[in-house]
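The following pair of complexes shares a single chain, subunit A, combined with subunit B in the former and subunit C in the latter.
Then we have the complex of A and B:
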């Protein structure tokens, strides 16, 4: 009870402070009043502190089982393991909004601390915009979806967390993906502030890029973890279903991928300025749009999030953000004209430009697929598209993007030198090799041939780049310290290539498991065997097991010397809801994935068995992408604003 | 600037073509049971949303399923083979993806259960 009182108070105080910080920062930035800018900034930190207090209070309420709070009673109970009770913090609508707001406060404060030197007005405006976004979230938290609402009668026990969420994945996927969503607001704020302040030069890029990379890294991790969770928990043998919830998380990632590449064109050549602002803003707008879609339930999805009162609020917020972004870009359109000479089509700039257009194309495809039910519903009978649409419409674009990923890094800036074919021989060779090998092996599906061969070509390009670096390192005399210095001097370069390598592995895993998944439904008596794609499984028998919050019906199988235990769990406390526990035997070649469908009176059990080739490569690729992001973003303090600006100026007229 | 415009136009044309050709071939109607009854028979697959009734019959170790799906006014018999979503049980909303056979039974090729998500546990009424 007292926790609810304090929590509501903290949120209300945060709201007042955020609104104060927003108004003061805009005014002080406009007046260039240094003292007031500091006050506005401190008010922002104080807002973040208030949100943190509210977060700690909610977590305390959960861990002490304070069921007087509606949120605690609806999302936890006494039997749930304590780690999952803690995770219920972001397991519900109100808590997840509070978590989102908290991440925005923390990342926003960090970005403001790091922006001390980017110029008074720019820093003030970005603080103002972030505070305004926080104000919106706090209004929703205080008025519409408060996690601190109190029940009139305190129940003895809570309802508990949905069984699907009672998994180790719950501890890591939602916090990462929500943090990813929240973090897109930071680059947006810096972009909008730079436009407001009239600083459309490259100075803001070094700063924005870092936080865009943070957002991109978090979102990459969130997407891969989501796939991992779906694969391990849901038991349908796949990991990506082109559901609206997945699509709306994918689109901001695509837009930021485009920005991370096109911003280099601005840094190196001073071009594409307006475009870069547009991409950063687009990523944030897609996040707000996605939140609206997911939380309002206007599009049919397997995940029906409760149709809640926050839908219209996010719709309004989306409208305001869209008008603000478009208005700002139109207002500064004159300043955003490029002064640099255009580069020839075959150049690094050309490759980045084409890549950007293709990524926007993928966004359009995904957006249309997500919105079709809504649009067709307005025009007549509602229609939906399934995975086939996305594969057919986005597949060719993905193939073109992979080809660009293989060739682009080897094309020099400004113009293609004569011996371009010489550097391209590595990816081309890898492509031809795998293509020939697959053709000999009897593969005739064009998407499979292209997907796998192009992914290998991408990997070959990265290996070639690293081999060249190793050659230079050997010429310079070798040694560990020199290798480290060499990598760290061009860490953005090597970080980016590491991310490329990770993506190539991920694509190999996606393509192999997509095109060559094997599936078999079978009913077996104890002692009987079944063979799927060369793997022989023996069914041992069924047994019952009692655990803390559920009971399990385990149908044990053996695969070689290994024991697999697919099971069905039943949660007594939740109206007897049952849940599949998938058993997976993973190896670098393939996963054997066993789902227990049910058991019969005669002791036999029915299974659905999948053999999924190279799935573990997806998770390994995801991990390598994150390593690349960490390397690319590791302590970049020495790359200040001045050298970036200088680099932009010099090529103008020199080319 | 002109080249930029040409590139944009070419990519836009390709994306437009891809979206048009892909959505023409693979989009499905999304209907409720009563809409399916009112709808003229279609050649392609449709998705039909409705509430699972109490008459669920499982056979073949749980891999084969027969049940009635109903909305406010109309109902239909659904026949399905395959893994059943965990949360499937009478009372929940499912989306059956398949087609209505000549026998009047809806033969589902996929069954999507609406996830009673983390954001919608039944609230206490006090």
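Then we have the complex of A and C:
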């Protein structure tokens, strides 16, 4: 009970501090009052501290099973393993909002600490916008969805976490994807602050690039982890279902992917200034839109939280953010016109522009696929689109994007000449080689031929670039220290290529498992065998196991020397809810994926068996993308920032 | 009770938040922007 008062008190204090920080920062920025800007920033840090206190209190309540709190009683129980009880922090609506607010407070504070010398107005307005966003979240946490609401009667035990969430994936996927969502607010705040302050130069890009890359990296990891979790838990043999919640996490990722490329055009050539502001704002607006979709329950999805009162609040917030962003861009439209000479079509900037348009095209396809049930429902008859719509509409755009990924890194800035055509031999050769090999192997599906061959071409371009770097390294005399210096000098470049390589691997895995998945439904008696795609499985028999919070009916299978144990789990404490536990034998070539469909009185069991080629390449590709982000982010060099003395009239706080 | 806790927390946060207004100019020169 005491934890509830302390927690709600901390949230209320945080709300007061956030609102104070927002109002003071805007005023102090307008008045260019360095001392008050500092006070505004400190109020932001104090807000983050209050949210941290609230977070620690909620976690304490969960770990001490304080069922006087409604949130603890609804999302945990005495039998759930302790790690999952801790993870219930973000397992429900209120807790996940608190987690999101906490991440925004921490990352926002880090970004403000790192931006101490970017100019008075830019510093003040960015703090003001972040504090305003925090204020909104804290208003929701205090008034509508408090994790510290107290039950009138304290129950002896809680209801427990949803069985689907009782998995190791719960410990990594939600915190990463929620942190990704929260982190998009930081580039948005700095972009909007730059517009408010009338600073349309590349300084804000140089400052926020790291945070944009962090947001992109977190979202990449969140998406891949989500695919991995869906694949291991849901038991339908796939990992991506074009579910609205997957879509709304994918769209900000696409917008930020576009921004990470187009921002280079502004840094190098001074072009696309308005476009870059627009992309960063779009990414954040898509996050707010996604949050509204997920948390209001207006679109049917497997992920949505229970329908709650916070939908209208997020709808209002989305409206305010949209009006603010569009109004700001319109207000500064005159300053955002580029004075640089137009770029020729065949140039790096031309490739980035085309890539941006294709990514926007994918966003449009995904957006309308997600919104169709809502819009058609309003018009009378609700319609839902399936994976076929996305594959047909976005497939050609993805193919063109892969082709650009293969050719684009080899195209020089400003203009292309004969060396370009020579270097293009490598990706073109890889493409032609795999295309011919697949045709000879009898593959006739155009999407499969293009997807796999283009992914190999992307990988060939990366290998070619790394080979060129290795050549330079050998000419310079070789040695480990020189190799490290070479990589670190161009880490942004090599980090990006590593991410490209990871994406190529991921696409190879996606394409192979999508086009060549094999599936078989069988019912077997103990000792009987089944063969799927060359893999022979033998059914051993069924047994019952009692575990701490559930019982399992395990139907053991053997595959070579390996034992696979697909099972059905039943949670007696949750009204007998049952859940399938998939058994997967993974190798770099293919996964054998066994789902127990049911058991019969004669000892026989029914299975659905999938053989999914190259699925492990998806997870490996995801890990390589993250390595690329880490390398690209290691010790960032500032680009396009004028010397501090030239930009800052007086250091913040010196007045 | 919630209001009392919030007030106490704000009271304790006060010196940290308002420090730029409290300190003397000499003390603050090193702290630009923090």
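Just so it is clear, the second predicted complex is superposed on the first by the 637 of 655 C-alpha atoms of A that agree within 3 Å, B and C clash if a C-alpha of one lies under 4 Å from a C-alpha of the other, contacts with A are read in each partner's own complex, and residues count from 1 in each chain.
Criterion: contacts are C-beta pairs under 8 Å (C-beta built on N, C-alpha and C of every residue); 3 or more make two chains touch, one makes a residue touch a chain.
Here the structure is a predicted model, which means the values were calculated and not measured.
J.: For A:495, decide between first (touching subunit B), second (touching subunit C), both and neither.
T.: Neither: A:495 stays clear of subunit B and subunit C.
J.: Touch test for A:354: subunit B only (first), subunit C only (second), both, or neither?
T.: first
J.: Between subunit B (first) and subunit C (second), which, if any, makes contact with A:42: first, second, both or neither?
T.: In the superposed model, A:42 contacts subunit C only, not subunit B.
J.: If you stack the two complexes on chain A, which partner ends up touching A:599: first (subunit B), second (subunit C), both, or neither?
T.: first
J.: Touch check for A:50: first (subunit B), second (subunit C), both, or neither?
T.: second
J.: Looking at subunit A, which partner touches more of its residues: subunit C or subunit B?
T.: B
J.: Applying the document's contact rule, which stretches of subunit C touch subunit A when the two form their complex?
T.: 1-10, 13, 16-21, 28-29, 31-34
J.: Considering the complex alone, what residue numbers of subunit B touch subunit A?
T.: 1, 3-4, 7-8, 11-12, 14-15, 18-19, 21-23, 25-31, 35, 39, 47, 49, 58, 60-63, 81-84, 86-87, 89, 93, 95, 97, 112-124, 126
J.: Residues of subunit A touching subunit B in their complex?
T.: That would be residues 70, 73-75, 91-93, 96, 151-153, 155, 159, 161-165, 234-236, 295, 300, 302-306, 308, 342, 345, 353-354, 357-358, 360-361, 364-365, 368-369, 372-373, 376, 381-386, 388-390, 392-394, 396-397, 521, 523, 577-580, 595, 597-600, 604-606, 608 of subunit A.
J.: Where on subunit A is subunit C touching in the complex?
T.: 5-6, 8-10, 12-13, 16-17, 35-36, 38-39, 41-43, 45-46, 49-50, 53, 113, 115-117, 123, 651-654
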